[in-house]
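Shared between the two complexes below is chain A, which pairs with chain B and chain C, respectively.
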Partner chain A sequence: MLKKIVLAIVAVLFLTAGILSTDKAVAAEEDKLKVAFALLWTIDDQGWTTSHYHGIQKLEEKLGDKITISYTEKVLAADAERVFRNYAQQGYDIIFGTTFEHMDPLLNVAKDYPDIKFEHCSGFKSAPNMRNYFERMYQGEYLAGYMAGLMGFKKVGTVATQPIPEPIRGINAFTIGLKKGLDEIGADYDEDKLNTVVWLKAWRDVVNETTLAETLIARKHDLIRQMADTPDSAAAACAAGVPAIGYGEDAAQYGATCALVSTTFNWGQYYIKAVEQVLDGTWNNTPYWGGMEDDGILMSSFNESVPEEVKAKVMAEHEKLARGEDTIFAGPLYDQKGNVLYKEGEQATDKDLLTMRVLVKGVSGKIPQ
Partner chain B sequence: MMEDIVFIGQIAIKSSVAVLLATIGEIITERGGVLNLGVEGMMIVGALAGFAAGFATGNPYLAIAAGAMAGGALSLIHAFFTIKLRSNQVLCGLALTILGLGLANFLGRPLIGEAGVRIRAFAVPYLSEIPYLGEIFFQQSPYAYGAYILGPLAWYVMFKTRAGLVLRAVGEDAAAADAAGVNVAATRTIAIWVGGLFSGLAGSYLSLSYTPGWKETMTGGQGWIAIAMVIFCTWNPLRAFWGALLFGGLTALQFFFQATSIDIIPAYVLKMLPYLLTIGVLVLVTSSGKRRRSASPADLGVPFSRES
Partner chain C sequence: MIRLVKKSEVTRYSGLNSVAIAGFIAFGTGCIIFGLLGVNPLTAYTVMFKGVFGSFHSFSEVLVKATPLTFTGLAVAVAAVMMLWNIGAEGQLVWGGIFAAGTALFLLPEAQPYMLIPAVLVTAAFGGMLWALIPGVLKARFQVNEILTTLLLNYVAIIYMEHLFYGPWRDPAGFGFPGTAQLPEAAHLLRFLGTRIHLGFPLAMLCAVGLFFLLNKSSWGYKVRVIGKEQKAASYAGFNVTGKTLAVMAISGALAGMAGMAEVCGIHYRLQTGLAVGYGYDGIIVAWLAGLNPLFVPLTAVLLGALFVGGEQLQSVLGLPSTISLILEAALLFGLFAGKAMQQYRLVFIRSDSIPERSPAGRPE
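Right, the complex of A and B next:
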């Protein structure tokens, strides 16, 4: 008898844990277009998922009278296919998977539901009814690096996340910008050690983010570049009196008040575009990789310690990118050993960028296996 | 060079405090003959309660106390199931971890991103001026000083007092202890509760001192490391220092190697080492023939019932 009671109570405990993956419908009416999002983490993670949630809010604001939106939080790889299939069975018209790990599960479901549109963020596999989309965060990284260079920071410490092309591209763009800024102010620097990179090997890990930032600061790095989804490395820098640069969302809003600037995602503009295409029947599966020309990447407001002339120069560079003139990865560009990656007159193609697995000169540290 | 060693030492201590406190607590529980795998759950609940109390009142003492009490409260669930109902301790401990993680996750949502109390590092007068060692050991969070005292205290009580003798008797042979007039259920309940207090305290260190703020993933498996460390230090609170230092040292080295690009030992190997060493110690302890003196309490994990 007792054993049965115990088993029953244990079962209740497990169920309690199950409640936590929440599933919310923002509004529900039958005749509207049904839009669903699977989110990696909770909407208040202060980084990646928060930025997607802000996108969802913008979508709701703009098209709320024509669509109904649902989202599910904490959709991890193992559970993703079930979530997508569930949405498909409920007759959703367009389903978004918002993290890299959603790619294969989304593709599996897309094959079974050819009439539903599927959208995958940050991946490379597609189908006639499944499109890839992403924002060119490296443009923001480049501007942040340029700003840091103009301000004379020459020993930056980067708390990087997973050693895959997206962060690698960002680190490189940041370093290229940093070098450009330093060259413009005529600073002396050690050209092999401008930007030291350490890896969390996770998208978020608050304790290790803090420790890595502190380690870099103890090694006399003068600026901390946060790349994780959570602002804790920036916050640790602030606590130690070293400036930081935030990522994904405005780190200064989450207590990291020393953040000079943050590079932030603006997914809303894409979500509106994609859903409008479904509404008017022009949706196709051509991959979308937008950037500052669409305001897909935004710079937060600058910290008051950033000088006006630096801001002006950064914003001038921003104008160029917003006009679509992206020459960040133009040659001459060298790898860490000084070998030529791109000659004068050459430039990295989108394919090169999407598969980038090499660090440029100026980065100290290596890509873990 | 010396500067780097001091820094690695500082980070090693800083990274080991939570594991150390939780390990001491779990040793007390297991010495009483109860295995509690809910350390991770109690830690995260302690982290949340500590942060929430600090956020609400702004009082650091209340925050620390709330963290410990929350861990203690959760541990009483374990006590009820394993002692009163004599249910499977492994299963119940796992459920406790899941419950703790879920509960903290659920209740803590409104607190994400809020700034609460920050318990800062505090240099102990005189002691912190000792070259190198002072810098490493005595420029830490007050939690570290608490751990320096609580470890030896736990050892003293456990091995030098009557209360400790009762605790160990219950863990080694509950039936014999019962025959000698010891209240097994009460002793075990207290052992579980004290273990819970320590786990809660360990959790509050993370949310109040290490990375002030609330994040639902902040314990990051440190509770499980603490459980491994109990075996590594063969149920001795003094050896818990070595276990925790080993863990902290490996953590610190892993970051330091990266930050300096001196990659002598790959980070993955460093991350694995605490577990490998635990298995190694387990093999050594169980094969050395000194089992009765140094290893696991004989009645660990065995529910006590007078009828059987």
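Right, the complex of A and C next:
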């Protein structure tokens, strides 16, 4: 009896599945260039991975007739080498690793496949066939801080991610912009406590993002700066009636409607460039670190509560950055204790920025050791 | 009208049968999900099958996955035989990793492989053992429920590990990125045949065989199994339950610690984010699918490993979401429960006209 029932159920399952399905097996055409991406999380994470996925979509739109694209989600450290090797064995021509932990596995596989191009986002190790790429998010941070300063926010709370150079650079740029904005409107402020930083020690941690944002709001911070991959700290600010600034993707599109603006990645322009270089044979391993001059970093549309004259000033500063005039980390610049980091006339080099381990004056809180 | 009726006698299925039932239900669930996603289930399963058996390299990756799963599966199984629930294999795995990395980086950084490899093995097992003995002692001495303590200690272990690689153990040459420096090469487990299969794999197999003999062929193992079946009777027979609880938890923790060592010294070569990815919890499924038989644990670990590796292909080849392999894993677990239920209950079909009229109070007669 039981056997018959089981058999009947299986038969029904197969029939249902058969009716519902229309076979969409992908048959890769041999003459197309094959492009592969390994992603940190799922494509609907509303932040980091979503921004890369949007880049992949742009690439598909632009070059879809010349290439086939494949991607794998949730590629964690222990699995990364398998995923990369798999793509390499299937004859992919260019393979992207999109998070820091992909660096060593990518390098291992790159050594075994000298004819395949490898691209690593956010790292520092390279090979003749492996290039590093990143966008200058700190430029967006600077503009967002400048906007906040012009609007008179002077007790910002930042929910920061990993205490490593990339977020540190962003926090500093934001604070430099904030100070510039406040100076321009002639506001009074406590110059040691413009921007208070708390750390998630993770790229995404939905529970802690909310808790830390709520703690900052309870301490009367007037603006929440989201830095995590997910918009939950911005959403927590909205729920408490405090404005926020989004990161990575436009936080307002994911429910954090109080976001005054979001600083967003535009990976698509780089992916198109990199793949075109492979197509026309001009690819080389010179690291790419682009920003607003390439539209690699974009500001989302502003919230309607941002005054027109503030928008105009921010966009004027945006113009300068888009022309390649990046003087954000120009002296005089001081650390938290007031020691000179860069004298008048000096400026941080790219190497300084990439290894930055110090917070500037105006930031309250320290880098966890 | 269908009713579940308790059987007068429990049907015993062999371990293989319960895997078959669980696999069957997972397979069926997969068919529905694939169908809903607009992919022919046959195509999807073919892709998964090719992803696992398609090449020597892909199958080698299944064995790579099966290595930590075997260790954690054994860890859960040995405790469960005595009806102890070790949900803490994840935390014990982390401590195994911490001890292994600490030994290789700081204790014996200059040692030769013949010295260092045994040293990381022993210290990792020791680390896992220490962590498991906390709930072990609490259980044996104070009757504290081990399900809660083992589970909650996982989070403590993970946070402590993060503290180490963000803080005092961070790679000084790593630009502040989280993670320790790479372990010295002497601590890297030997890899075989140009794949990522490493020394941890044969070691896991040895542990499975050793545990089988310990549990089934020794008087100590006999006592552990009796305690698991009927603790009161065992106490009455004069078995030392407290001592056995401690010993079993120690062995369980040591096995989970070996999983951490295998991952750190065999795959990652450093302590970093991505060590605690749930192998400790997957071990629960592995152990119960194997019917708690140590000899079957490697097989079910390979099965689960194949599911993960094959599931990855669904994404890269068919563009399906990565969460599918998690759904299939969950279906396996539910299938297992269904199999257990079928041992104790049977389905009875009752014609609706034979259902007794309800009494005015609304209760069936």
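As a convention for this text, the second predicted complex is superposed on the first by the 342 of 369 C-alpha atoms of A that agree within 3 Å, B and C clash if a C-alpha of one lies under 4 Å from a C-alpha of the other, contacts with A are read in each partner's own complex, and residues count from 1 in each chain.
To be clear about the criterion, contacts are C-beta pairs under 8 Å (C-beta built on N, C-alpha and C of every residue); 3 or more make two chains touch, one makes a residue touch a chain.
Since the model is a prediction, treat every value here as computed from it, not as a measurement.
*Asks:* Let me test your reading of the model: by the given contact rule, A:P368 touches which partner, first (chain B), second (chain C), both or neither?
*Replies:* Both chain B and chain C are touched by A:P368.
*Asks:* With both complexes superposed on chain A, which partner does A:T210 reach: first (chain B), second (chain C), both or neither?
*Replies:* Only chain B is touched by A:T210; chain C is not.
*Asks:* So, A:E101: does it touch chain B (first), chain C (second), both, or neither?
*Replies:* second
*Asks:* Give one of first, second, both or neither to describe whether A:G331 is in contact with chain B, with chain C, with both, or with none.
*Replies:* neither
*Asks:* Once the shared chain is lined up, is A:T42 touching chain B (first), chain C (second), both, or neither of them?
*Replies:* Both partners.
*Asks:* Looking at A:R82 after the superposition, I want to know if it touches chain B, chain C, both of them or none. Which is it: first, second, both, neither?
*Replies:* The second partner, chain C, only.
*Asks:* Just chain B (first), just chain C (second), both, or neither: which does A:P287 touch?
*Replies:* Neither partner.
*Asks:* Intersection of chain A residues contacting chain B with those contacting chain C?
*Replies:* The answer is residues 2, 5-6, 9-10, 13-14, 16-17, 19-20, 42, 201, 368 of chain A.
*Asks:* Enumerate the contact residues on chain A facing chain C in the complex.
*Replies:* Against chain C, chain A makes touches at 1-2, 5-6, 9-10, 13-14, 16-26, 36, 42, 70-74, 76-79, 81-83, 85-87, 89, 100-101, 104, 124, 162-165, 168, 201, 354-355, 357, 368-369.
*Asks:* Taking the complex as given, what residues does chain B use to touch chain A?
*Replies:* Chain B reaches chain A through residues 7, 11, 14-15, 81, 85-88, 91-92, 95, 98-99, 101-103, 105-106, 109, 112-113, 115, 118, 206, 210-211, 213, 215-218, 220, 222, 251-252, 255-256, 258-261, 263, 266-267.
*Asks:* Which residues, counting only chain C, touch chain A once they are in their complex?
*Replies:* Residues 24, 28, 31-32, 34-36, 38-41, 43, 47, 55, 57-58, 61, 64, 162, 166-167, 175-178, 196, 263, 267-269, 272-275, 277, 309, 312, 315-319, 321-323, 342, 346-347.
*Asks:* For the complex, give me every residue of chain A touching chain B.
*Replies:* 2-3, 5-6, 9-10, 13-14, 16-17, 19-20, 42, 44-46, 157, 196, 198-199, 201, 204-212, 214-216, 218-219, 230, 232, 235-236, 239, 254-255, 364-366, 368
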